[in-house]
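Read from first to last, the chains carry the letters A, B, C and D; within each, the first residue is number 1.
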Amino acid sequence: MAEEINPHAGPLRKRIFQIVFLADTEAGRAFDLVLIVAILASVGVVMLDSVESVHEHYRGLFLAAEWFFTVLFTIEYAVRLAVVRRPLYYARSFYGIVDLLSILPTYISLIAPGAIVLLSVRILRVLRVFRVLKLANYLDEADQLSRALRGSRRKISVFIFVILTLVTVMGSMMYLIEGGENGFDSIPRSVYWAVVTLTTVGYGDISPATPLGQGLALVLMVMGYGIIAVPTGIVTAEMTRGHQAALATRRAETCPTCGLDDHAPDARFCRRCGTDLVRAAAPPEPPRVT
Amino acid sequence: MAEEINPHAGPLRKRIFQIVFLADTEAGRAFDLVLIVAILASVGVVMLDSVESVHEHYRGLFLAAEWFFTVLFTIEYAVRLAVVRRPLYYARSFYGIVDLLSILPTYISLIAPGAIVLLSVRILRVLRVFRVLKLANYLDEADQLSRALRGSRRKISVFIFVILTLVTVMGSMMYLIEGGENGFDSIPRSVYWAVVTLTTVGYGDISPATPLGQGLALVLMVMGYGIIAVPTGIVTAEMTRGHQAALATRRAETCPTCGLDDHAPDARFCRRCGTDLVRAAAPPEPPRVT
Amino acid sequence: MAEEINPHAGPLRKRIFQIVFLADTEAGRAFDLVLIVAILASVGVVMLDSVESVHEHYRGLFLAAEWFFTVLFTIEYAVRLAVVRRPLYYARSFYGIVDLLSILPTYISLIAPGAIVLLSVRILRVLRVFRVLKLANYLDEADQLSRALRGSRRKISVFIFVILTLVTVMGSMMYLIEGGENGFDSIPRSVYWAVVTLTTVGYGDISPATPLGQGLALVLMVMGYGIIAVPTGIVTAEMTRGHQAALATRRAETCPTCGLDDHAPDARFCRRCGTDLVRAAAPPEPPRVT
Amino acid sequence: MAEEINPHAGPLRKRIFQIVFLADTEAGRAFDLVLIVAILASVGVVMLDSVESVHEHYRGLFLAAEWFFTVLFTIEYAVRLAVVRRPLYYARSFYGIVDLLSILPTYISLIAPGAIVLLSVRILRVLRVFRVLKLANYLDEADQLSRALRGSRRKISVFIFVILTLVTVMGSMMYLIEGGENGFDSIPRSVYWAVVTLTTVGYGDISPATPLGQGLALVLMVMGYGIIAVPTGIVTAEMTRGHQAALATRRAETCPTCGLDDHAPDARFCRRCGTDLVRAAAPPEPPRVT
């Protein structure tokens, strides 16, 4: 969270900011957990409410719950705006928008009732689930994962890029081969089939009938079966690497001379300036808290 | 098994305990194997008995087999309770409960007959299959595997955690897009579809009909196809590492002369400076049984 | 692109060649990007045009767009032929043929109208999408990926080879077991099913009905589920290796002092003995553009 | 091939043996290739012949081809028996049985005609496809692959073992939950469904209808999606390792002093006896032929 507290804030607002935005205090963590629970509960309500049979029985209960959560989240939203330094900046941030979108619907429902539109907007509350991801911040693992993914970002995009070209061409060919029959009644639909097949999802709502079409389908399946090795290989290689970097922590993590901090596992000297890292690690480094 | 023997046990009970609970003797292993076979056989009976046609023909045979296994497992259960130090502790343990559940049904069937309820509980005997997993303890590999999984436990939970958030949001969006039609008649059901698609299972019992819906489905498929790389990467990295760690456990982990610390499993001398590693290791650890 | 410029070309043609065939100048890259956009747009038109409903509404618009792109690509094709050294060589190259195929249909449609045949050839324009892959050349990652794939080419072919043998035998057995019923009405079709199952695509358009058949299907599924580990393992190992190899290319691959040969990418000094690797490398190779 | 030549064989039989059983001569390789082609052709005939429509048209042609291949393979079989040292040993070997099974059917068809039985046995010829695997012997890669698989054999069996336990329990639970409805009409069938789901094949011929059942299905899918990481991790780790061993070949592959031959990539001294390997590698080792 890049949020900063309002510099002119009094001790109270300071405390509130610390609780609401940070997770470095007991109270802060407690707040986050309570919030998460509330979010999950509200999402649960929205989901159950969408089930016709359940909706019939507990209509009243759901309405009550909806208002309860709306008020709760409204207060939270107000508080956040109050204590943060740049309210507008926060309001325009991802979480800020999500927060707003998740409370607006209920109020709108007062002025403009109407089954479908109401429903549509109310579902926006599900977006709040994203907040749950904040929990991940407590875990060092999440950090490693996202680093590995970021590290292989470009490779993966190249991969997806090739996949897209492939399915476009394959799909078009199937459209030609099946002659617009057997569900391949347009190129986009054939491309949809190609993706369903290449990713080995295989709904089976469309499947080729001509021998030639089935032959091409086989090629596509085997490709998809083998190609999956590529993204896996990418991420794995990236992770093993990130992991090796982590290993390096058993010696001075950062070279005291030049500040380089990702030495190889068996590095004895800093590879940039040649400082002896093992000796440098005089005091055994404390377990890193993240 | 955290089970301990009754301290006041005589030599006979000691011997029985050793055979029934431990696998470090010939007799102990033999007992385990016999037990496993009995379990598999009893499970086989339950499974076959559930097939209508087979049930008709061999009703008598199955009834006999059922009583045979029930008596057998009852004796085993009694013996375990008799020789173990804290019978209650064992009775409340996972295996203790499974053992009880697997014999009770047949007795209940005497006093309270009744097709479905009887059947339901009898099937619990299948849980006994878990006992088979004890066999895995004999294999060092199983140990390595579980270590690798434990090691990546947190990473994997973060991963599943993200997946769940993703399918919730995607499912809700599909519910909106398809407008409760084409099988997407409630959010939970749409989320179910999202999981079926993301995991590339693709039953095809529900599949989007609107172009927009199919577009979103494509995104979800490609994501699922690519995301699978993550758990794979996690476990693989963990295994490669576990393997490297395993190498080190047999002799001096770090060469006292040159500090090299990733020696091959059967390395006797440091491959860089030729120091004798086995002697270097203060107490040579005993060769682990595999 | 192995294309060479016509040696007797004047400065203008030289410049054009540089822009059209190379990507080492600002103008060259700009040209490529514009071309890609045009291709994607033209492909988009072909795809949408294949959707019946859309075709009805925008027939006129699509016809215009089609002629626009045809003229555009015709000019491009002419230019390429004009500036390249061996026009025939280029005309016979993969891209040369694709380029021709992508403009011919429209002209043919003037002399020989006819729905399906016309459509068929017009779709070939989709092949132009392959040109998009040229963009990948700008990315070092694409290079690494293709190297990894090339490196594991033979291993993968062996793998596919085994897979094919497997599905042939399994498919034939299923044909026997199911006795030509339940969709297994010929060996080729049974083999098709075997591939659909082994690759975990699982359309479900054919699935065994006899117990024995289902048993064999289970074996095939578990095999497919496990076997996928092989291509993944191949590519991953190849990548980890390729990555390690890449590290070494920037400076002295082997430390002349201590002979350590797996230095980190930005290593300046040998991490074991502190020797300066960059100086050690006779001719420091230029930093590769990414 | 563990086959040995008959010691009392004359030069002609020696030559034949060399051609038929070994691939170390031009003639030997040529023979193998011709044989492979013949096998593929014969298999192709069997497959096409099973397609009703094709069978109608080319009945005569197929019959001729069948006799041609039968005679051809009979001669081959006879020759093999003639030149090999222990005919019985060969006759009982895997390939020996396959060879016999692939020629018998046609002869049987003379004495005992009859649609289905004839068909059944004739299809045995497909087994000959296994001979194709002999080609793999020419590739070093195949060797590496099988080594990697053998190396992880036990780990994989443990894995499959756990999978089987899991699907048994899950399947039984589904049978209880769905109450024998919606296709879950017996435990074996429910287990079949569990495997179809866990392996992400997802035919969709059976899928849960009750909310609880769908919930369990979700758990199973996510498990299957994540668990696949395990076999992949196993094989990958095994391969990376095998690969590192391969790297070692840039120095003396075998220690001239103690004969140890799998040194680590950066090993300078033999880890068993401390001999300097780099110096030992005076003459650059010849490229290994496999």
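FYI, a contact is a pair of C-beta atoms (placed from the backbone, for glycine too) under 8 Å apart; a residue touches a chain by one contact, two chains touch by 3 or more.
These numbers were taken from a predicted model, which means no experiment stands behind them.
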{"item": "Contact distance in steps, from chain A to chain C", "value": "1"}
{"item": "Farthest chain relative to chain C (centres taken as mean CA coordinates)", "value": "B"}
{"item": "Same or different residue numbers at the chain A/chain B copy interface, by half rule", "value": "different"}
{"item": "Selected from C-D, B-C or A-D, interface repeating A-C by over half of its contact pairs", "value": "C-D"}
{"item": "Inter-chain centre distance, chain A versus chain B - centres from mean C-alpha coordinates, in Å", "value": "29"}
{"item": "Distance between chain centroids, defined by C-alpha means - chain A, chain D (Å)", "value": "41"}
{"item": "Shared-contact residues (touching 2 or more other chains) in chain B", "value": "159, 188, 200-204, 224, 228, 232-234, 236, 240, 262"}
{"item": "Of chain B, residues touching chain C in the complex", "value": "200-204, 232, 236"}
{"item": "Residues of chain D defined as touching chain B within the complex", "value": "154-155, 158-159, 161-162, 165, 168-169, 172, 175-176, 179-180, 185-188, 191, 197, 200-204, 207, 211, 214, 217-218, 221-222, 224-226, 228-230, 232-234, 236-237, 240-241, 262-264, 266-274"}
{"item": "Residues of chain C touching chain A in the complex", "value": "43, 46-48, 50-52, 116, 120, 123, 126-127, 129-130, 132-133, 135-136, 139, 141-142, 144-145, 148-149, 156, 159-160, 163, 188-189, 192, 195-196, 198-205, 224, 228, 231-236, 238-240, 243, 262-264, 266-274"}
